[in-house]
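Letters A, B, C and D mark the chains in the order given here, with residues in each chain numbered from 1 onward.
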Amino acid sequence: MLGMWTFLITEVLFFGGMFAAYAVYRNMYPDAFASTSKFMDVVLGGTNTAVLICSSLTMVLAVRAAQLSKRAHLILFLILTMIFGTIFLVIKGFEYHSKWVEHLVPGFDFQYDEPRYQHNAQILFFLYFAMTGMHALHMVIGLGLLTFLLVQAKRRIFNENYFAPVEMIGLYWHFVDIVWIFLFPLLYLIGHRR
Amino acid sequence: MPASLTLLLADLQLFPPAASAQAGPIDDLYWFEIIVSAIMTVLIFAAVILFAWKYRRRANVRATQIEGSNVLETTWSIIPFLIMLIMFWWGAKLFFAAQNPPKDAMEVFVTGKQWMWKVQYPDGSHEINALHVPVGQPVKLTMASEDVIHSFSIPAFRVRHDVVPGHYDSLWFTATKPGRYRLYCTEYCGNAHASMSGWVEVLNDRDYANWAGGGSHGSLAEQGQQLFEQNGCSTCHLLDQQGRCPILRGVYNKPVQLDDGRTVIADDSYIRESILDPNAKVVSGFQPNIMPNFKGQLSEEQVIQLIAFVKSLSPPTPASQQGGQQRPVVIAPKAKAPAKAPAASAPQQ
Amino acid sequence: MATIAHGTPEIAAEEVNYLNVEHGWKSWLFTTDHKRIAFLYLISITAMFFVGGTMAVLFRINLLEPEGIFSSETYNRLFSMHGIVMVFFFLVPSIPATLANFLIPIMIGAKDLAFPRINLLSWYLYVFGAIFTIYAVARGGVDTGWTFYAPYSSTYSNSYVLSAVMGVFVAGFSSILTGLNFIVTVHKMRAPGMTWSRLPLFVWSNYATGLLQVLGTPVLAISLTLIAFERVAHVGIFDPNIGGDPILFQHLFWFYSHPAVYIMILPGMGVISEIVACFSRKRVFGYNFVAFSSMAIAVLSFFVWGHHMFVTGEAMYTSVAFSFLSFMVAVPSAIKVFNWTATMYKGSVSFDTPMLYAFGFIGLFTIGGLTGLFLAALATDVATHGTYFIVAHFHYVMVGGMVMAFLGGLHYWWPKITGRLYPEAWAKFAALIIFIGFNLTFFPQFILGYLGMPRRIHAYPPEFQALNVLSTAGASILGIGYLIPMIYFAWSIRKGPKAPANPWGATGLEWEIQSPPTTYNFDETPIVTKEAYDYGPLEEVVG
Amino acid sequence: MSAFHVPIPKVGTLVAVWATLIVLTGLTSYVSYFELGEWNIVVALLIAVTKASLVAWVFMGVRHSTTLTRLFCVAGLAWLMILILLTYSDYSTRNWTYQAQPWSTNKAAGTSR
């Protein structure tokens, strides 16, 4: 368990590098930043936040079920968590797709409708993709880990004396949720009234 | 072999010449650090050798077990710390003094590119990998990079500053001894990094006057004016009446109101940015997206010429010479008097 | 003390230990025994050390002539790969992944690290990282310097940056996993009675190193990832042409790479604490202060990275703050040096090879540390930044400090690791050669630095030639000095006299078990009742 | 491994926390439609910190964890702050100038060695 926490600290600083870059560029180009927020879909972003929070709830319930040796509940909640996680990724996919269609992916024929922000907006969109992309990657890994848990749960590995893997992957899943809790306001909300 | 050895030793240098006003004070600190370090090193070496020899292992002598001593620990934490505080304070003081050039500093422009230093003087002459300065005169270098990070360094003057692409960096010095000194690039910048070096020639006043004699292409500002016309700037930036773009006369080093409400000083960096990326900071009352982007069209050297031209449109008065370093409150910006949106501009200062 | 072997009754030759318990390459490549993994690491980092060292000798040869002997292209690739290989593939993993990997579980009375399989994984990651890097070398090398400064690395360089960056990225994760493993092991696996105040100082310093690895390395990983994105897709994050800021890369890079300096030196300090105590027959003077200073260094090292950027146009007040904090971090380092010296006072000092290396370490680290003050002070940093002064300074710390400590530790624990003794006379000779060669190589560089010779140049003004020739001469001596231990260690694995369990008469759990240890170290979990350096009673037995 | 000292959370608590999180998400979205100037950032971040703390405290079980685990959490955040704040300090103070007395040319010229 301590190992997992240590690993999460590493993850905090991994994302931290990008958050630092975000802070710097947001401070440097506030107007360009404000202008990009019109492309951020608050409704989709908000929905995704809610979806992730739900998945966190089902995850913690799964851990609880494991602690209580309720295998059926454990499997149910794991599946629910995975469904929420998948919904999140699907919505994210739609968002990415619309950015792609609007030529807002840096490095791939990036076109911005306000020429004065063309360059700086590219950096901010890169940060958007880097941060959410890295987050999505963690989600995918998380889904893989949940699948592994599911298989083990089916094999009746877990009981009230042995559920550490469920707990650890739970911690990981909540951490990924926390990252999104910060990404949502920073990328979607701040500046969309400027 | 002996012959070549003597040759080698004939060239042997152990300490660099000190040829600028700041070299002396920095050397003083350097010597202080050397003396402190030497004392510490000798003390520690002596203690190690003494203890190792005096308490070397002998047949029936046993080590005395000692726990440690809080008094000693505190002493040898605090004393070094105090000495280091002196170094910190001293170093910071010299560093602060190196920040701002005197007002009467002569301005020289340096552009770093892979792999050479291009130097431009206000009188319009220019040279590569060489810099001529008069003795006793403060010189401010305004430096730009065309590509990667370079670092401009003159060891004999103890000055060095990185030249980071995307903005101007500057350093200043006052040469105190006529002579030839080496200059280098000290930030690795690619294949021929080593050849990005040259000479600084410090000349006494008479020699400098002789050397500076001929700028056949006109002054830097005149070169800038040519560019200003060739690139069509003059069609919108009219010199005496309001065109589609701000009047540039009298703008240099004055506060400028931007369309997002901020105020910036129209210094070298701002003018550079406004040429290369005009939409980044648009003057209040003017339309964005009118002026073309000159990034990639103009070299850093040409930008410097243009800036010199803009600067020449604001003849130095005692007030404007001070203006650059002061708060932007006092002077009402002339340039922002806009034709199209008069209402926006008046009340806010 | 090697002479002991002569009179020692032969240890039963067939005794089972971790080396002979299983045979065949599978038993090595799929092992989870921390001792075998440490051995694998030892082989791999030695290989990388010689790769990096060969490059150093080659580019020192280039510097014999002011105009250079090789092309600038070759030279730039040589020094860049030297830096990358030495920093990321030798210095960072050197002591933690080999000696500490071997010793930490034994020193705290555990059977293995907390996560044996992660330990093996970390070795594989290291190997993959090394392969990527070697691939970059084979394809023609990298010419960015080990610092990968943008925008040169991200836009302008046309060498194999991506492959090298991948290599460092992967090796970074190897380092994170090692650190994570140590942290958890030290917290959770200590034997009964092994309290924090009884922990050997070597464990303390490696615990501090683990914290640095876990907290710093991910930021390196992300900054290298951003470089890779920039290179592949031109996204502009560090490209000033579209408003990116190259200085941001330096902030992120040095947030890791300054603490990384302490990742490299802290374990060395731990080794020296052990050696000085053992060969003075004394507990370390001011144990608490030495242990505490390891932690203080670990924490403070994260507050000083800006001193690499005093001349970049970093904000003035930020620079002043970083300068002050840089002086702060010098205090705990000084405390350590004083305490090692004081440990010898009224001791019973012997001059075995590990102790010679410890002397070398104390002397050279003192010089390296003190010259660091020149660079923490703002004005003298401006005068010396980017010159050979920097090169000399960090080689005094890294090579004079870390490599000395590594060799000292390797000699000290070699009997434990392999169960064999090395030839003492040769070892002393090599230590002397290394000390002389090192100083001859790097001391002239301090002078060159203040004269203004920039680092990383393949040609230089003729007036610098004399000092450069001296330096190259030193480098060749140093190179030979490193070859000698390599040869006699290889010899001693097969032919060296058998080592007793405790050849030095040292304290510590690792000396109470057989040499080499069995797979699970202890037949039953030991119960610790005394402090780490309890030389008082031991003296009566050995002395 | 922690089977015996981790109390099993009540479903009610978990659902309550979940509901709070959802409400806070709505709140932060709602507030973002008002022009509050710099306060938009402050409010959004405050809410985010609250949400993150709730997740960590209840869902991740920090409320029942050892001091050591809490120490690790705090360390992670502290280091994140070191990274962001010290980097940011550079960018936010780039324009602060300081008018130091430059070297007096004449005096220094006299003493140069």
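FYI, a contact is a pair of C-beta atoms (placed from the backbone, for glycine too) under 8 Å apart; a residue touches a chain by one contact, two chains touch by 3 or more.
Just so it is clear, the model here is predicted, and its values are computed rather than measured.
Engineer: Between C-D and B-C, flag the pair that has more C-beta pairs in contact.
Structural biologist: B-C is joined by more C-beta pairs in contact.
Engineer: Of all chains present, which has the mean Cα position farthest from that of chain B?
Structural biologist: A
Engineer: Calculate how many whole Å lie between the centre of chain B and the centre of chain C, each centre taken as the average of the chain's C-alpha atoms.
Structural biologist: Chain centroid spacing, chain B to chain C, equals 37 Å.
Engineer: Averaging over Cα atoms per chain, report the distance between chain C and chain D in Å.
Structural biologist: Taking the average C-alpha coordinate of chain C and of chain D, the gap between them is 34 Å.
Engineer: Rounded to a whole Å, what is the gap between the Cα centroids of chain A and chain D?
Structural biologist: Here chain A and chain D have centroids separated by 18 Å.
Engineer: Give the residues of chain B touching no fewer than two other chains, as numbers and ranges.
Structural biologist: 25, 96, 99, 277, 280
Engineer: For chain D, which residues are shared contacts with two or more other chains?
Structural biologist: 68, 75-76, 79, 83, 87, 91-92, 97-98 - these are the residues of chain D that touch more than one other chain.
Engineer: In chain C, what residues contact two or more other chains?
Structural biologist: 187, 215, 219, 241, 243-245, 247-248, 251-252, 255, 313, 316
Engineer: Mind listing the chain C positions that touch chain D in their complex?
Structural biologist: Per the stated touch rule, the residues are 187, 215, 219, 247-248, 251-252, 255, 302-303, 305-306, 309, 313-318, 321-322.
Engineer: Which of the residues in chain D end up touching chain A in this complex?
Structural biologist: For this pair, the touching residues of chain D are 1-3, 6, 8-9, 11, 14-15, 17-18, 21-22, 25-26, 28-29, 32-35, 40-41, 44-45, 47-48, 51-52, 55-56, 58-61, 68-69, 72-73, 75-77, 79-80, 83-84, 87-88, 91-92.
Engineer: Spell out the part of chain C that touches chain B in their complex, as residue ranges.
Structural biologist: It comes out as residues 68, 72-73, 76, 143-145, 149, 151-152, 155-157, 240-241, 243-247, 280-283, 285-289, 310-313, 316, 319-320, 323-324, 327, 330-331, 334-335, 337-339, 341-342, 344-351, 359, 362-363, 366-367, 370-371, 373-374, 376-383, 385-387, 447, 450-452, 454-467, 469, 535-536, 539-540, 543.
Engineer: Mind listing the chain B positions that touch chain C in their complex?
Structural biologist: Result: residues 8-9, 11-16, 25-26, 29-30, 33, 36-37, 40-41, 44-45, 47-48, 51-52, 55-58, 60-69, 72-73, 76-77, 80-81, 84-85, 87-88, 90-96, 98-99, 114, 147-149, 151, 153-156, 158-162, 164-167, 169, 182, 184-195, 197, 277, 280, 295 of chain B touch chain C.
Engineer: Name, in rising order, each residue of chain C that touches chain A in their complex.
Structural biologist: That would be residues 114-115, 118, 176, 180-181, 183-184, 187-188, 214-219, 221-223, 226, 229, 232-237, 241-245, 248, 251-252, 255 of chain C.
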